[in-house]
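Scroll down for the structure; my scribbles are underneath it.
Chain naming follows the written order as A, B, C and D, and within any one chain the residues start at number 1.
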């Protein structure tokens, strides 16, 4: 081990830097919250589902949201429209926890519905923030659900409050409704368009009116949103196409950047709230977030991941015995790598299928003895082998370090970490929960430093061009890798520049 | 389609035969109970874990039971020994549901513990049946946990009741304690041996006394039971070795058929309660029940399964494009099949990772439109392809039929079902929940009839010799396949012969 | 029985008129909801409690709200001020249900707090309506709690919404905050005064600012609100003085009509938001709502009730054997009646002390056999006796009818109903839940008709002058009895006049 | 204050003697557990209810148990007989907590039922001890419920265990079933009689067989047990007659000491298991336990209590202004005292009707400031008055001391405590939870010492002859007052004599 490497080896103090946001959070990563472990702190904000024209609208939405559960596990809600009267059930937890009893759905009578699953940061797991929001005015009712993140939310909210607005949540979603209600445009759709042109950033909205569902997507189309049709003619809209399969619907079209679409008894009416559009789909949807059976912009996610594994194998030829994937999100890429490299694809890591959101923690003493609740290395598979461990990404590095150790403890001779995406160096402001570069190990460390830190024998990332090739189109937001943001950052600009300066980058 | 085939096609009425035991159960298979779906009605009775000589005995047992959760999901319990005083917490549900709060473990102070996870048939999901059992006598306390099934339970219970015994559960486990208490042998271990020689069938017992844990295994060793050691010298005992990894223990020996082992502060003392032993480990442990990272009788389960897939590929050469496994239990065999056949191993079926024990059901109308909560076929993978679908076993055939349909609906050109074990034709009386041949489609139908019934283009089973070769030794109970039971059937004999007669077999 | 009487006997159809609002509600009166039974559908809107300057502010508020529990059982909440930062816990149910765990209070750190108990009509038992409300603005935080009913809420809300306001509850409480936030007065207290002069009706408000509690009472002082002091100097404010005793505080002053009082570290600062005041305290507070150990405007409630019983005995001399009260609210008046009349005061009705908010209902068949869950007549006491049954009021008459039947079934020779207040004929618009004359049997029936309807041998009401004499002052709202409302009715005017017209009254 | 008095004044250390059993218990008395406060540590063991021949047997039992709730609040259960098949629901908590959902009753189909409410000491609030017990044998099923306490339970249990019996609870109820099952008598009723003649002490049993309910009472008839009839002919049996009223049944006979009664489709068949009987009904049933509307041995409880107050007033003429009772159990006696003495009966203490089994506790600091959750003194009533406070009994004295202080803090000039029963000096072994004389302040202190200790201006007890006169018959167990036990004490004898010796009494 060279001096250089030695110096790159992180002390516990240095590791704690990456874990500093909250040590309890680190515990959580390891032990408590399965979903966060899965997500490795990269959390999607939300998933949307809507249905128009079906007698079982709420139940369909329940199934649709369950298929979108991976997009948000902190809360869920369904709002129905029963002949113009809105009604809602929402709560904290998984869809199956929020809708626990048959009556929870039965009471949601109505032939159209919108639903939402939400990821929320620990501090704000507040029922008030769970969507869809419902607004009851003397002149009518509206429902609202949102996936994404506004970049000018703070300044809009401040401005609105100064003129007397009262917000009932600390979610930025509510802003759109204040803008709609304060617009002086004579028609509802005109007011919505005005509001959509005022908010900035990444957003997919579903609005339930008394006689329609309105769907809208930001001018960059950061988040996916698609429309499907059921055999009885009912129309559905969902963040991912996997939700269509679960309810037996067929994809018919994607909502395009800058579009505002009205769905009602007359069918689908497509309009634009702006012509100034530039499609840049979030590349992390392909890499990590979306379900492998979803198609985004016509590209199957599993196929894109498998291709990323193949290209990674071409880019990085590693001398090893077997290829394993970190379950579950990296299995596609791993099988691609194995196929391309000709090495056997093995099940070297297995996941305990009996997951729980809350585990009782081991004592400190037990932790040292190695309690492993969720992931186990299969000694019979990895012992004495040179292992290529394919993963989709590295955020803080803490999880990678633990998995490498798991494999080595089980007797792996070498562990070569192959990441099926480029290094994550820059935060996201359009709907993924990383807004601080300090959380990203690759923002401040070289690949070799990271390799040393996670204890791997080698560390390889997929190139950015390799990623684009794997996905098959370039209408992508790749700012996490290269820092090139496709829009101004508005309220985030100042803090972001400061964060770059702190790291001596700009 | 030939006449023969047409006649073999099952009507709904015929299918309902296989589902007749309880139609609600069929619903459950599909929709309600994830764990049962997983298990396809083949349910293990129990999992055992014990620890002697560790200050965190209860917490270690909690982690150990979690690793054994796949062996029983209906209830769990932990009994601790705190300097001779026994204390217990038990409940219905998963380990993480029964032990929900830190205090549930904190109150279980003590340096030794035994724990149990239990599968129970629907009717008897009764807290009284949840183990470990605890007995408080004027002359001391005892704890008891059991994995297996006694073949002479009914006659023993009847005999005991006639002489005044009162049972507090309808589990057969309690019988051993009545036998121990009624033995006139002057020493405790002598009384236990007498009792062990009276009960027949498959059994692994853990008894907690005030100063030891006693482990015992039936003379055939149907169920696995192993002993491990922690770095601090604490001894652990578990149904599967995967539970050792989770607590950082190392395997040291298996409990052998006919052994009675006392574990106390002096270490391990091995004795035999009988010399008349004949090792016949349950082959279904390798095929389906055990976790892939466990070793049984020195053989890694994943490795055995992967070998079974390879041998299956040698035995059955199928002209196809891709190989997929049914997640999760068949993935090892599928990758073995792919590797041997040279066909690409693909992720053609994905499982929704957000499982729940209770789902709200779709209405009948929605079911017809295709609500699929747990398993999805990946259209982008299977469309237009000739698919080899590897599964570990077929019980009633209902699940296979549904998965084949899922794949065909997603565009698979052909679906060839390859089963990595021989056809299940005979019930088990030693601890697996199939005691009625009517539940087994292969007991009364030819392979071609089954193929037709499940809608597959071909159906292949692994040969019995192939299975033995894959596992690597022949000290196996294979009675499910050939009807050759290694022991008398005692109380079951009469009913079983009648069931065979009914099917015109003997 | 005379023809006249016969014609006055209500048919079941006629009775159902008084129960028509909701038949389920009638069931509830009898069987389900003990608190509603108690209240006989006369429901107070709320109770308020606040404390400034005590390290255990939340815990004191918990105890204070428990003492005020009779003023509202549908929900409760506590909001604390921790050095300018507000924090809140609220929920549906009784105080002891909402604050179930020690941590519920422990997390409410802070040296000042306001709390609220709420009665809510069935339809709106919505967590969003539970107070105190908490508002987080970019420029600070505010808490708000309210007891009373605004008479111009509907028009204010409509007007506010038209100018873009979004309400997050359907409570009228939120209106005040919108008015405060939209005021252009340069100072906070000036904005509050402006808002207080805009709302009309009955209101007692507590506002938590970052550095004070503001208490305000409507110009008529319909609802009681008092200020007390603890031995350590902490100041408390409560709807009733009984809450002072429970926390060991001493009464120092009542909040007067039109007053706005700021309580902060400098002590109490009294101001007026209007000079146009006219004290008319709700007389039902003395008759029914308030706890007997409270003092309102210097008059002890038990003493006023006992006096009302005495004066009733003077006004109505009834030839009978014993006097009994309907537990618990009428026991004071009954003992006064007994003392004045010289008849023995007996326990002829007893209440099951094991109350529950939800009882499982008897089947129809059992109801006919006489299931009586909450109130029993004591046969040994009433058998063969001429009984004077003292009650505080009659609303719909259904409860009185049932109690008279209970007594007769237990063998009472005669039952003379003596009501310790005048007949209730007119609705309340200032905070009691009767806004429809149809609910009041005395609005449309003569005393003799009512007597016949409830099956009593005689029925006597206290005179209005007797009531005033019993209370001891005339600064009272007596509109329930004489229809003379001390303020304009604003939004209620039109509906009310229509309801009078319907009954042929005006 | 004289030296004598000073020396009699208890120090905190001395008080703590009476509270020593568990300081937490003292907390509980004051704050936590309303029912225990009520009971002042005198806890009844149980209440029984049964019904034969009614389609709604379980529901009737639910209502009956609710009426008997005061006899046991720790757990409840109902066991039904559905054409010979037994089924049961039981749980910890109040009847309304155990039977929370309609389905809890609906699932208990059957035309006969027995039910039980149980008081349990803190340590053994174990679901296994909740009755009725259910026993399933290969030759049939039995249910069993018990009110009372066996005096030879310990020796019987030990003897049974030595011959191989296994107990599933630590309740003494199970013993009877072991005795029945081990009897060699050829007929069931013969076996039951043998068993009843083996157990000693106080017991009322209900046994559910497949075709009857068997009721039996100990030879002294310590506990009440009565039989009633419904209008449809169904027969009911209950610990107190108040449970008959609630279900619309009429009393027909009491179960007499030594009787064994079989209730089945043929009606009531009365037999004796022994002729050696001697009726000594527990006098505390009249004084404290039973509900005022119950009749025991033909005497109404309220009437007996009112008479005890009158006789107390004759025996102890106290110069005072008003009479108040401690709610709720002493109100009858207080009104009797007032009537006899000619003093006004006032409501000087009121109870918060919103009771809860668990209150969050005040901090130590708040306790000193006087948090009073459950009982309040009415200042307007007691201020400046010489008060006679009537209570039914004094156990440890801690509660009396607190109530006296409450009254003095509210301004009472003098507080004279008048107890409507003789001083409690001796423990009970037949079903009341006082088996240790150390818990009884009167066992070791003179009346004047107690008076001083509780801070009263005078303290008077009813004479024993006065109590007998008030009740109206002398078939009573008065051993609490005079130490004359009507039976041998068996297993308790040795400990009891030692306890007397310790106090220098025998």
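By definition in this document, a contact is a pair of C-beta atoms (placed from the backbone, for glycine too) under 8 Å apart; a residue touches a chain by one contact, two chains touch by 3 or more.
Since we're looking at a predicted model, the values are computed, not measured.
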Target chain D, source chain A, minimum contact steps: 2
Self-contact between copies chain C and chain D, residue sets same or different by half: same
Option in A-C, A-B or C-D whose residue-number contact pairs overlap B-D by over half: A-C
Distance from the mean Cα position of chain C to that of chain A, given in whole angstrom: 50
Distance between chain centroids, defined by C-alpha means - chain A, chain B (Å): 36
Interface hub residues of chain D, defined as touching at least two other chains: none
Pairwise touch network: line, ring, star, complete, or other: ring
Which chain pairs touch, all of them: A-B, A-C, B-D, C-D
Of chain A, residues touching chain C in the complex: 127, 135-139, 157-158, 161, 163-168, 170, 174, 177-178, 181-182
Residue numbers on chain B that touch chain A, as the complex places them: 38, 55-56, 59-60, 62-63, 66-67, 69-70, 73, 94-97, 99-102, 104-105, 230-232, 242, 245-248, 291-293, 295, 300-303, 328, 331-332, 335, 338-339, 344-347, 350, 352-356, 358-363, 365-366, 369-373, 376-381
